[in-house]
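Chain nomenclature is as follows: A, B, C and D, assigned in order of appearance, with residue numbering initiated at 1 for each chain independently.
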Amino acid sequence: MIIQLNTNCSPAEREQLDQLLKNNNIKMVEIQTQFNHYLVCVLNKEYDIRNIGNLPGVQDVHRVTDSYKLVSRQWKNISTSIDLGDGVVIQEGNFTLMAGPCSIESEEQVERIVNELVKNNVKIMRGGVFKPRSSPYSFRGLGIDGLKMFHAQCKSRGIKIVTEVMQVSQIEEMVDYVDIFQVGARNTQNFNLLDALGSVDVPVMIKRGISGTIDELLQSAEYIFSAGNEKLMLCERGIRTFENVYRNTFDINAIPILKEKSHLPVIADPSHGIGIRKHVDKIALASLAAGADGAIIEMHYEPERAFSDGQQNLNFEEFRELVQKINMLRELI
Amino acid sequence: MIIQLNTNCSPAEREQLDQLLKNNNIKMVEIQTQFNHYLVCVLNKEYDIRNIGNLPGVQDVHRVTDSYKLVSRQWKNISTSIDLGDGVVIQEGNFTLMAGPCSIESEEQVERIVNELVKNNVKIMRGGVFKPRSSPYSFRGLGIDGLKMFHAQCKSRGIKIVTEVMQVSQIEEMVDYVDIFQVGARNTQNFNLLDALGSVDVPVMIKRGISGTIDELLQSAEYIFSAGNEKLMLCERGIRTFENVYRNTFDINAIPILKEKSHLPVIADPSHGIGIRKHVDKIALASLAAGADGAIIEMHYEPERAFSDGQQNLNFEEFRELVQKINMLRELI
Amino acid sequence: MIIQLNTNCSPAEREQLDQLLKNNNIKMVEIQTQFNHYLVCVLNKEYDIRNIGNLPGVQDVHRVTDSYKLVSRQWKNISTSIDLGDGVVIQEGNFTLMAGPCSIESEEQVERIVNELVKNNVKIMRGGVFKPRSSPYSFRGLGIDGLKMFHAQCKSRGIKIVTEVMQVSQIEEMVDYVDIFQVGARNTQNFNLLDALGSVDVPVMIKRGISGTIDELLQSAEYIFSAGNEKLMLCERGIRTFENVYRNTFDINAIPILKEKSHLPVIADPSHGIGIRKHVDKIALASLAAGADGAIIEMHYEPERAFSDGQQNLNFEEFRELVQKINMLRELI
Amino acid sequence: MIIQLNTNCSPAEREQLDQLLKNNNIKMVEIQTQFNHYLVCVLNKEYDIRNIGNLPGVQDVHRVTDSYKLVSRQWKNISTSIDLGDGVVIQEGNFTLMAGPCSIESEEQVERIVNELVKNNVKIMRGGVFKPRSSPYSFRGLGIDGLKMFHAQCKSRGIKIVTEVMQVSQIEEMVDYVDIFQVGARNTQNFNLLDALGSVDVPVMIKRGISGTIDELLQSAEYIFSAGNEKLMLCERGIRTFENVYRNTFDINAIPILKEKSHLPVIADPSHGIGIRKHVDKIALASLAAGADGAIIEMHYEPERAFSDGQQNLNFEEFRELVQKINMLRELI
């Protein structure tokens, strides 16, 4: 059961509610986000929740049977929008593109890609400065200085930034330069990181684990929400299967299922989802057709020379074609 | 290497070709389909295939490095069309719908569904009469008498039939009543069945195995082609993964990859691919967006009472809506 | 519910039983095997099965909640033994080795391997004459003539034969030359083949599907049993996973689970289970430690020259060492 | 290529070596562990490494083609031992048991379990104080105070502690109370954590990811080693597959493969590997038979009342039986 309190719930009203819960042996976890105040309770099935709904100080109350609570659509039927400021809003019915290189490499690289995004009316740029790499000997990104340079260039052109955060200690140094924190597939169940991201007021996009279930993804999102941050997005990026013609197997089923089970926006990552440059557009279009709220695309002016993931980066021409196709299909849908 | 012979290749010309192959120690398998005559050869890399291409009696010659040969696009760049007669053609750019119940149940059932197909201008009806079932105690279909009844009703209304064949001995009794033989996911590597389907002149749609790879599917299709039957379609129906919110995980990546690697039409099976009625439409649309040449959909006037697979059958209203959405999207693409 | 009838159940006794079932609306499937007569019934939970157990003509009655019935240990608690004649018995506590090449290749090959088996006191030889191959262009085995030669040599030396049957039409021609029919991983759900193997009185070893579940394997065994053949063994041969350092992932968990859920013998196939020659012995020993009733091992005097699967065949020296290790561990257990 | 320097390599010798590398355009990463000094180089295939081996100051040099370097057996053929002090050594040929509850719950609980370990001559106790949990609302462990209590009790009885560390900031507070840091399956690719564990001189046991490959596990171990800590163990704990009769599928193949590819000790976790109490013993014995160097077992005096993982905890009687069986099998092997 989720109880949402009125923003002006008085101490006396609260006392009355606590007493009622206590009398009925109902345990609760208290949650304060940037927007609201909730009590998440584990409930005896027979309890009549209208007893609570009728109390003063309570805005509403819902029974949620899912293992995740605050991210469930059982509680909140209206789809969540994420407002990044300056008119950039991620929301249902408005398929949002995010695009950019795998890694931030240089000032010139960022400038050229920003120009291309502006031309195509794309408002959010991706680009990693802290790169999780399987091998300790691989390029691990430009770090915080790279992020500052990335931010300086984007800010002046009205472009928002989505970039990966890998550990708790990075949050503070990154927070002023990031519009969306991305939690990568390898960190989906890095619970300390999730907890810590709950205490900042910056949107978070959380990727499904490499072999993570739908349920695990939503419970990981619940970590962030229950730690205080409602500005959340989910990202499907392909799962690991036995097939090795492609890097990952994009799970198109996850798109409608996540939309059904949660009120959070669902973003597709076709670049990692298939990992083959010439097919990224088909998977992006399929995601849109299946109901995704946006897509994050890897692109680079010279994919062959990218520091990482070159095989799945679109070049500028391919990117423009994709934007056009998406615009046409978005219109229709 | 694939050598395609001229249809009027003379014995002398053939003799000359055989001699050349022999002199170069090239082994070959001779293949005669309903349309053409081929020699599939395993080739030493250094051999110059133009020596063969210039011979009289040879129509063309191609090097094919894939493990499958005649179904590869390396050999035949033009996408294959399958003509079912009466103007029903499965081909690229003409997303073809096949629809109907999981199992043929009764005369009344077939009649009602045929009526619905006619209304929606759908020309191909699915329906099983031999049902592969995990348990020996489950309903196994109406058998050959059910097929005859099914055929009688469809024939009079101009509807083509796609239905599953489970074993070699069924081919002969079924062949006069079937427009497309379906090879089910459990029989994708039933090699004797594949061989036998090579010797009939009826189109075959072969489904990917439950955990079959792309390569295995194409090699299984190669079995049928190399046994003499070029009228082939591939079907993606979802793979088995760790996720159990849905029955199977529809592999959207397989659509563009199969189209890239093979010249055969690619059909999507969203009903088995997600296995949840209310999301079948999204997966069907996604398949179309990703480049599929058609889809096979389970539908029934009363899904709740279907003998099998009720949870993934669309009802008539849902089916009509899907047809409309597909028509709109097909237009755009 | 499984009702086992007395072998001398009289028509009057049977009539009384049928009447009781009818009066209680209990549907039943009648099953006659080479040993016994059973009625498998779907049961209303509240029905008191002692009403049936007390009837004359009924030997015993058990409730079985598993999806499979006659192969379940819920019904038959005593582990099944398979007697191949001449003192060769597959049974619990007597880890049985089967060994031999992937494919039967020649008379000389069989003779040399038979000699080696005799030396090591191994009584069952494996060897394929009908080979399921992913590609139609691969070697498909010596066929029925190869089997006759194989049989002639083994018979004279007291060696029993286990070999794969791929389709219904092969059963009749093979039946006189085979001691154990093997159903391969690709045919685990070839239900017509399973049905047909129910009507012969020859033991059958059924392999788990490439991505088959425990439940599916047991239901496939149920097909054979319910079609009349109780002489059954189960075989774990590894499943397909994302890992590609090895060919398959041997599922050691399946050994104790199959022993818990079914009364049938469980055989391990470490050769396919790991697919790497130098580690086959470790997986064989692990299977024994985990409770398997036997193992089937690929071996060849010259693995490098084997027609198929050379990378996972033991040579004679490696085989002897394995036999010694197994004998020592068997002693201990 | 790995160059190991002599401990007393002089500045002049080092200068000579650096010059040689520079002249040959060989890039290197310098690594200083608690024991040795290495240079890991990416090498042009044609370079003759004997040129380096002959230099003064160089102890030895090896070519390593694996993606991981310092953890590879290509470099170090002798199996690594981990000395925990007080005569407790984890090494090949000495199957080491670690056992204890999933979570540390109370002083009484620790005391009772320590007693049981002492009786069975088991020297290492497991027990979580920081618990990674899918849901934010689950019990997350007693934290650092629990660890201090745990340590106090173990210390006095000569028992070593293995416990999970979840994030960088915990290392410092835990380090004085821990004998082996465990990296859990969800953190196998938490690269910042791995880096940080490289800078402490405490042994680390790293678990394979939930769907992690062999290669990824070894590269993760490489992170720790290359950050300075050679005291490493690998742990196989089961992978996620489509089978849901058991929680995970224990990958027995991984045992011999990890032993082949790496010089590090390999520990089995049968409790998570099958997740079913009554079969934990079979998987433990199988691991030993397959060549594991130890096992970590969950046990509790009242599994039904354990705070977490009760379904896979052995009770004391089951644990004693397992210890006896392991002792007998260890003897044989």
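What we mean here is this: a contact is a pair of C-beta atoms (placed from the backbone, for glycine too) under 8 Å apart; a residue touches a chain by one contact, two chains touch by 3 or more.
No experiment lies behind these values; they were computed from the predicted model shown.
With every chain reduced to the mean of its CA atoms, the largest distance from chain D is reached by B. Ranking A-D and B-D by contacting C-beta pairs places A-D first. Distance between chain A and chain B, defined via averaged C-alpha coordinates, is recorded as 39 Å. Note on chain placement: the centre of chain A and the centre of chain D lie 33 Å apart, centres being C-alpha means. For the pair chain B and chain D, the distance between mean C-alpha positions equals 50 Å. Chain D has residues 211, 215, 240-242, 244 in contact with two or more other chains. Within the complex, the chain B residues that touch chain C are 29, 40, 42, 67-69, 132-137, 166-169, 186-187, 189-195, 209-211, 215-216, 219-220, 222-223, 226-227, 240.
If you check the complex, the residues on chain C that touch chain A are 211, 240-242, 244. Residue ranges on chain B touching chain A, taken from their complex, read 211, 213-215, 239, 241-246, 249-253, 255-257, 260, 273-274, 276, 278-279, 282-283, 285-291, 328-329, 332.
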